[in-house]
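Chain nomenclature is as follows: A, B, C and D, assigned in order of appearance, with residue numbering initiated at 1 for each chain independently.
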Amino acid sequence: MAVQVCGEPFDPWQAIQSHQQNALGRLGEYGATAVFVGTMRDFNEGAQVRAMVLEHYPGMTEKHLESLCAEAQRRWEIIDTLVVHRYGSVEPGEPIVLVAAWAGHRTAAFDACRFLIEELKSRAPFWKKEALAHGERWVGRNSPG
Amino acid sequence: MAVQVCGEPFDPWQAIQSHQQNALGRLGEYGATAVFVGTMRDFNEGAQVRAMVLEHYPGMTEKHLESLCAEAQRRWEIIDTLVVHRYGSVEPGEPIVLVAAWAGHRTAAFDACRFLIEELKSRAPFWKKEALAHGERWVGRNSPG
Amino acid sequence: MPITVKYFASLREHMGREQDLLPAAEATTVAEVWHRVSDGQVLPENTLSAVNMEYVTATHPVRDGDEVAFFPPVTGG
Amino acid sequence: MPITVKYFASLREHMGREQDLLPAAEATTVAEVWHRVSDGQVLPENTLSAVNMEYVTATHPVRDGDEVAFFPPVTGG
């Protein structure tokens, strides 16, 4: 179970490989990996977006994400989870969030992965400010999906 | 939309990166990537499994997987899909299947990814033969998940 | 054009061969093809069949040059 | 020990500062902390609050040394 909040661009696929090599138990134990990656789009709510700044609440963010992972472990038969989330200045095309769940079987992996991203989006303390062609705006709330 | 049926071990995370670099449109177009990877376990239905041979129906397999991807494109607002499936001799810990869906938003990506793996498991012409400590056995049917 | 008949997995082992070629014939069905290649054996329960790489049922027509396949329930993924 | 009060995102901009330190006081509540730092402004609708990095409601008690935070709806992921 690992949570990373990082201020620099990250490669979600490398993060998964690295977690599998370093943190997961024996190969052959897990049969299912479900992954979600959220990437910054260059278009949102009717406007071109040039860039974005992601603010967070250092300390509470990590604590909240860790409690989500612990809840997922309680609710589903999963072996491990990994959550990585960017903060700071983000460019279109860059990954913002990675959520991964490893399990023996696919239903637990899918359900835990979906739970983590939905909970993260509704409760983890991050805030997006978008830079448009003219001016900036805070994103008021996340779209339902 | 790409389907690969391959007789050698593959790295699912590299396959995704490569597909994103070579086959997907502009960065910033997709906001959501949902991925499922099925890996060979060393334990199934009460027995240690040493190795496995995956048989398939060359021609029909590809055709069937392509029709699943086309159906996903019709049913959800997704931008692209990637399916990679092993055949031949597989060792515990090795990836068997990768399914990925790219979309503007997460619900379409998740639902299409889940649809593809469920349909693939129930209808794509592959057959598993497991090598146990003593002897071999054909897997009779897939578990429900 | 002959009809090609393919077998996979446990059914291939049961038949002891990978495929048969049936001489060109009058229009027939999947059930009739099975009858001819198996010397009248009952088709094992749950067996799936395809014509030209599309799933079909036993009453599906088979024409000269078609590829017919029989196989057990699939276990991929 | 003083009470630390933090503001994030649009609320930080609205307050014009990142945090306040309130002198140690008698036991109080989140609503009372907001009243003291905002000179009696109404808490903007939908504002969320946390004490010691856990979500709480406005009636939650605040003790000396606690960290209280106010912020708008979250938009991560």
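Everything that follows uses one rule, which is that contacts are C-beta pairs under 8 Å (C-beta built on N, C-alpha and C of every residue); 3 or more make two chains touch, one makes a residue touch a chain.
Source: prediction; values computed, not measured.
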In terms of CA centroid distance, which chain is the most far removed from chain B? D
Distance in whole angstrom between the CA centres of chain B and chain C is 26
Here the gap between chain A and chain C, centre to centre from mean Cα coordinates and rounded to Å, is 48
Give the residues of chain B that touch two or more other chains, as numbers and ranges in rising order. 38, 117
Can you list the chain D residues in contact with two or more other chains? none
Every chain pair in contact, whichever chains are involved: A-B, A-D, B-C
Which bits of chain D are touching chain A when the two form their complex? 6, 8-10, 50, 53-55, 69, 71-77
Residues of chain B defined as touching chain C within the complex: 38, 54-57, 59-60, 63-64, 85, 96-97, 117, 120-129, 138-142
Can you list the chain A residues touching chain B in their complex? 11, 13-14, 16-17, 26-43, 92-93, 104-107, 109-110, 114, 117, 143-145
